[in-house]
Structure formats: C-alpha cells, structure tokens
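You will see two complexes here that share chain A, one where it goes with chain B and one where it goes with chain C.
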Partner chain A sequence: MDDAKGGASYAVHISPEDVQRFCEFLYRRTGLSFTEGKRYFIDRRLEDRIAATGSSSFQAYFSLLRADADHEIEHLINSFTVNETYFYREEHQLRCMTSSLLDVIASHKEPGGTVRIWSVPCSTGEEPYSIALWLMENWPQVDSYNIEIVGSDIDTRALKAAAEGIYGDRALMRLSPDLIDRYFRFVAEGRHQIDDGLRNSIEFTRVNLIDSRDMALHRDFDLIFCRNVLIYFDDASRRQAAENLYGCLRPGGYICLGHSESMSRISPLFRVARFPDAIVYQRPETDHG
Partner chain B sequence: MPLVRGSKSPASAAQPAPLRAALDSPDAESRWIAARALSGDADAVPALAAALDREPVPRVREAIMTALMRVGNPASVEAMLPFLRSQDAGVRAAAIEALQAMPGAVAPFMAPLLSDGDADVRLLATELTRNMDASEATRLLCDLIEREQHPNVCAAAVDVLTEVGTPQALPALEKCAARFAATPFLPFAISVAIARISGAEG
Partner chain C sequence: MADIGMPKARVLVVDDSSLVRLYYRSALEQAGFVVEQAINGIEAMERVLSESFDLVIVDVNMPRMDGFTFLRSLRSSATDVAMLPTLMISTEAGLEDVAEARRAGANFYLVKPVAQTELVRHVSVLTGAAM
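And then the complex of A and B:
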C-alpha cells in the first residue's frame, strides 16, 4: 500500500489532539518519540500515509494503523525513520564498542582468546564490515584476540550481496578517502568491493530472529548489534526475539539496539549499561532468581 | 590478521525428546531451554501451564509465558489469567504483557474479567483491551464505565479509551464524568479523552 489511491481527498485536517493521540500510540507501539515541536515533520508524514492508504480522515487512518492493515505499521515506521544503511552508521555505538565494551569483554578472556561479535540483521553487510573496519582502525588490542564476526539476516538475497561486498558511493559516504583506498577495490564507476581479507573473515548466515531453533544455532556471542529491527515487530515477536537474543549472548555479554529502541520496554531479562558513548544492554553475569 | 572466520556457529541446541520433562528439572537453565523450545507448541500447553504455576525463577517464568503467548489459544489464556491476581507486581505485569499480545484469544474472556469481583483485576483487564479491535474495545470499556463504582478502574478505562476509543464512546464518557463530578481528576481525564476521540481542537 505504497501508492496513493484514488478517490480520497488528501486535504485531511489533522488536529493537535489527533497528533497527540498518534504520538502516544507510536511511542507505545515502537518507542519512537515525537513531541509537538516536531509537528511539521509529523504532519507531513501522516498526510503522506493518509494519502497512500486512501484514508478519508485521520480517524480512518488511525483505525487502519491500529489494525496494522496491509502492514501499515511497517510503512509508517519506514516513513519516520532512516532506512538507508551505510558504513559507520550510528558511529557512537562503534566508538562505545572500542572505547568501553571490548575492554570489559577482553578483561574476562586470556590473550589469544576468542571474541564473538554478531550483526543481526546485517542486511547487505554494511554493518558487519563497519565493525571489522572500525576494530582494525580503533582497537589497540585487535591483534591480541581472535575476533569472529558473524553477519546474519533472514533475507538470503541480502546475504548474497553482503558476501560479495560491493558498494556504491552513498554507502561509503562516511568513510574517509584514505579508508576507502586501503580497504576497498575499485570495480566500476561508483562501485567498490571490500578487501578480500575482510570479506573472507566474516561468516554470513541466515537467521529468523523470532525462530528459537534458528537462533539456538547462534550462541556464545560477546556483543550483538541488533539495530532498528525490533521496532517493526509486534509485542509477541519482540518478546520472543528478546529471549532468543538473551540466549545467544554469553553471560555478561552486551547488545546494542537502535537509537529509538529500548530493551527495558521489551523484556526485563537485560540490564541497562551506561557508557560515555552509548547506552547498551547486558545479559547479567548470573541469573537473577 | 586479527579477524578470523568463525567455525560454523555451534549447533548445540537442546533437542526435543524430553522437553516437557525438562520443565521439571532442578536446573533453571534446563527449564528455560525447555520452555523456549516448547514455544508455540499447542500440545505442550498443559505442561507449560503446570510449570508456570510452580516456577520460581523470573526469567524462566517469562519464557513460559512467552511460550504460551506464542500458542495464543484459549487454553494458554486460561493458564495465564490466575497471574493477574498475583501479589507480585512483576508477575502481574508479565501476565498483562503476555495477555495483551494475544488480543484475539483474550477477547472471549474480557466480559467476565471486566466484571470480576476484585477491582484490581478489573483495572488490569482494561489494559488488555488496548490491542483489541477499536470498536470491540470501545464497547467493552463503555459497558464498564457505565456501571463501575471504583474511580480508579474508570480512570484506567478512560486512559485506554483516550488511545483506542471510537466516537461511540462519547455518551458513556460524558455520563461517567457527570457521575464522578465530585472526583475532579476523572472528569478532567475524560475531557482529554473526549477531545482526543473527537479530534476537537482544544
């Protein structure tokens, strides 16, 4: 339901009360938080979705949204969030990884031990490769441990593209020319393939976050990046995914979510861990209870 | 090269055979693994329900509730309803969250829950209508606020109506405001609900 449907008038009036009602629902359902100060931003996107669904009024659209007809919640979230993925996205979490998290993780391991990091969902690979690049460039202890990076996604086409590791200029926009020079190979105008060494160091697997059996095959991670996917799930699936992710972490391991996501709103299993660069979630070292 | 390609992820997931029996294990980890593996298994509902009743460890209890929630049938709802009466707020909250995630299965239980003799149960039950179809939630909550004597239960219902109510709720809300005129917070909350539902500019 992405295209505007004929028949409805799109000069739909959206009152401040409508916006408040909508914002409260959006926050409860997804964790995305907007206030009156973002009124223009909200109105524009709401008007677009009202038009795209052919709804005759805000009330009609709101009913459709609550019922999640034709996956409208997914369309709405897409319109309110940045869907584009690129290298070094949400860089503060990468900084947190090397300035705080890995030092804590490494302190529990012998030199030469294995550190396992999981990017899920990894889409076309920008995130796991970003993790690898960032580590090579920013973690002084990178040579002291065996670092295993796994990238997983439910979409096998995305995984195939990830394994190929060829990206356009936009995906590399946050990387310096020097980094691109050192870690990518020019393949065609505006197309660059990531270094074979990095490509071969990352394992790509297919996984469904809410499938417990699938997830049970991915275990013993020290750090998981699971960003901007849980907001798309309904309550039941989110809860299932949180339990699965808990099971995939080593005790004491960390999970990084997207900036609008909060594990505290999903599951009591994890504890909040605040670091200078980011707030992340931790599987407790020992079970409570 | 510090980055190494991992061997295929260890495939040591616990496998089915004695899963239901494992719900009785003295080891919490084993019970947790069993509960997760039984998630969505309708045949396991009686075993999960029995395990939920005696489970002392919060994370295992959560996993059992999730497993029941993924089944989403009347038997799984019935297994969780008693926990709305728990003395432990964490347990009540967990039960509410799980039940809220299965609005279709919960629907047939709503009328008795909203008429329960315990005001706390009625209050919690209002929250279960939040994810239901708007017209059905409106009908159930309007029935409640038309007869409910406890202002806190009415307030909880009004809070849900503020988000999900349809214009059919307006007469019941107005009557409720009049009935509780001496309890100022409630008419105020109702005025907010009426404005939101009617989309009227304040």
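And then the complex of A and C:
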C-alpha cells in the first residue's frame, strides 16, 4: 500500500524480456514465483527498487541485484511480500467500522442520509472493495444510508487496475468461497473480476496526499482509511498530509491508520478514539474540542 | 424457490444507491430470483413497459422520479403492468408514509433496514414462490 507516495515518479523502461530474466532470478534465489500475469505487480516493485537504489536502468539495477550489493535481495523480497495487499487485510479495522464507528456516525444522521468513506491510497482497489463487501456482509443498516465509497491513489495505473477489478487468487485468499462465488466472476485461470455492481459502487479518483489543491476536491468524509503510507513521508510532508486529511474529514469523523502508525506523533489536530477492535483517530466536533 | 422446471421469478430492484441495489440483488439471486435493476422511477417505468416482471421493489427517495410518482404512473397505466405487484422499501417509518404508499398503489411496505433473509421471505410471498 505504498502507492500514494508524494515523490517523483520514475519512468524506467522494463521490457518483457527483462521481466522474464528477473522472474527467473527471483525464483532461483527466493522460490517466489511470479508470471507475466502479475506484470503490473512486478513492474511496480521493480520500479520502486530501481528508484530506491538510484539505478539508472533496469540493467544497472539487475547487476546490482545479482551482486547482492547492500543486501538488495532482501530489500527486494520485502518489497514483493510486505506490500502485497489483499482483500480483508487488517480485518480488525473493518470490524471496528461496523461494530463501532458507523453506528456513532449514523447516530448523527437522519435515515437515508449520506455516509462518505474514503480509502486513500487505494492502490489497485482491494481496500475500497473490501469496505463495500464488508459493509454488505456485516452492517445491518447498510441499506438505510446512502453510502458513498471513494478510492484514491496518486498512481493512475493503479487506479485503472482498480476500476477494472481483476484479481489473482492471492488477493482473494482471505475471502470465503461463498463470497468469491457471489461477488466475483471467473475470467481466466486464477483470475477473478469483481461484480459490476460493486465496481459501479466505488468512485476512483487521483490524489496526492500532500497536494492541498488535490485534497480540497475530497471533502466531507465521515471515515478515512489511510494505511501504511504516512510512514513513507518525511516529517514535513507527513504533517502536511495529516493537515490535509483533517480538512477532508467532517467534524467528528474518524481516520484509521496502519497498525505501526500513530497520528499522535504526527499532528496534535486529532484525538485518539479507542474502540474494542481498534484504536483510531477523530477530528473533534469543534476545532477546539 | 428455483425448483427444476419452474420459471424463475423476475424482480426489478429500483434504488438510486448502487450498493443498496447490490445488497438486495445478492440476497435475491442467491434465493434463485432473476434480478434486474433501475436507478430511478423513470428508468423503472421504461423497464416495466418493455419487459416482463413478477415484482417491482422500489425505494421512495430517488432523483428525477421518486417511488410514489412511479407507483402512481404504474397504476394508471392502460396496460397489464398496472396490476404488477410492488414492494415499497423506505427509510420513512411514519404512519402517513405507509398510508401514502398504500394510496399510491404499493402492495407491501417495508421500513429500512431490511435484512437479506427478511427481503427474500417477503419477495417469495409476493411472487408466489413461497412453498
């Protein structure tokens, strides 16, 4: 979920032959097996590592990798495993949403009112779709409110993949066969496309978390999921992002961060809200609350 | 429901929220119904005039044409669709709302939230699919 980093984007050309050589190397050294079908996933991680090592081309990076300079193989493996996302990741926060947060949010609204939920960065869509699925399966009031779910990312390729909604078996590993059967359509071996109705339920937009103009277009959210991205910013950018996110929340709205992140260390604007399933952060009802 | 050889009942779900349509559709399809969708009263009128349905499930508050207006249009139609069974589902729980729905021609009225099992039970009765 490292897809909304505010840094520069790196346009390094990686050919299909490069990908094949790379995959063979990766398999020999680590046992991790990726095929051409995971091209998008592979490219993203490779580009990140090429940028992180300051390599000028794929060839330069591949030489460095084969020499295992600065433990690059380990860094590479981390980028291929830790950052792979999947449906129903951090389930305790989804549980917190339906067992605590939405009931509080809904108590301040008339039935039929609008509840806005934002997944940022949404990467290739697993999180916003998970939110929609989880709501239908676990929130008894799901049909009583006009629920708007927005998924945003800085990466337009990720957004395109999100809108397409095609996922491999690994992304669906936490979903029951019944859920997969009801909400996904088989498109090819190990490839499943999410239900058209679900795809139409999510609005996908491009946003840079540290760009105030981008963020000003995203307003009045009751709940924001912003997980495992602030850790990639430096202190100044992190504060900027936190202030921007504050402005995107309705007064009283909540924000969920990744399990290793703490808003208290970033910004004094939010208050800590402890619920049985998760610790989240709240924009106070008043700015001096 | 969905006995072999029995034609599946066709249900039109009319709601402006795509998530709500999906929530209802998911429950009904699992129970063996064929589900079509419309996002407001105007689209629903077009569908019922051109296709055959066994039941229309309709929300009240929708843009362009609300549920009450749809029901009145449906009941005043000169064709057989005027007799189409309808289930109105609304967040409004007041007696006046229920009375308004009855006057507009709703056969049954449910107040949201409606659990998926409850929805299937009512739709089965209204389409004659219940055993």
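By our rule, the second predicted complex is superposed on the first by the 207 of 289 C-alpha atoms of A that agree within 3 Å, B and C clash if a C-alpha of one lies under 4 Å from a C-alpha of the other, contacts with A are read in each partner's own complex, and residues count from 1 in each chain.
The criterion applied here is as follows: a contact is a pair of C-beta atoms (placed from the backbone, for glycine too) under 8 Å apart; a residue touches a chain by one contact, two chains touch by 3 or more.
Everything quoted here is computed from the prediction, not taken from an experiment.
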Could you say whether A:R116 touches chain B, chain C, both of them, or neither, answering first, second, both or neither? first
Please indicate which partner A:D195 is in contact with in the superposed arrangement: first for chain B, second for chain C, both, or neither. second
Now for A:C256: first (chain B), second (chain C), both, or neither, which partner does it touch? neither
A:V142 contacts which: chain B (first), chain C (second), both, neither? both
Taking the superposition on A as described, I'd like to know which of chain B and chain C A:S212 touches: first, second, both or neither. first
According to the stated criteria, A:Y183 is in contact with first (chain B), second (chain C), both, or neither; which is it? second
Between chain B and chain C, whom does A:S267 touch in the aligned arrangement: first, second, both, or neither? first
Looking at A:L175 after the superposition, I want to know if it touches chain B, chain C, both of them or none. Which is it: first, second, both, neither? neither
According to the contact criterion defined above, which of chain B and chain C contacts more residues of chain A? B
Applying the document's definition of touch, where does A:R21 land relative to chain B and chain C: first, second, both, or neither? first
Residues of chain A at both interfaces, chain B in one complex, chain C in the other: 132, 135-136, 142-144, 146-147, 149, 197-198, 200-201
Which of the residues in chain A end up touching chain B in this complex? 15-18, 20-21, 24-25, 28, 58-59, 63, 66-67, 114, 116, 132, 135-136, 142-150, 197-198, 200-203, 205, 212-213, 216-220, 234-236, 239-240, 243-244, 246-247, 267-269, 287-289
Within the complex, chain C is touched by chain A residues 110-112, 132, 135-136, 140-144, 146-147, 149, 182-183, 195, 197-198, 200-201
Using the touch definition up top, name the residues of chain B that touch chain A in the complex. 1-6, 8-14, 28-29, 33, 36-37, 39, 56-59, 62-63, 66, 69-70, 72, 90, 94, 97-98, 100-102, 131, 133-134, 162-164, 166-167, 195-196, 198-202
Interfacial residue positions of chain C with respect to chain A in the complex: 16-26, 29-30, 37, 61, 89, 91-92, 112-115
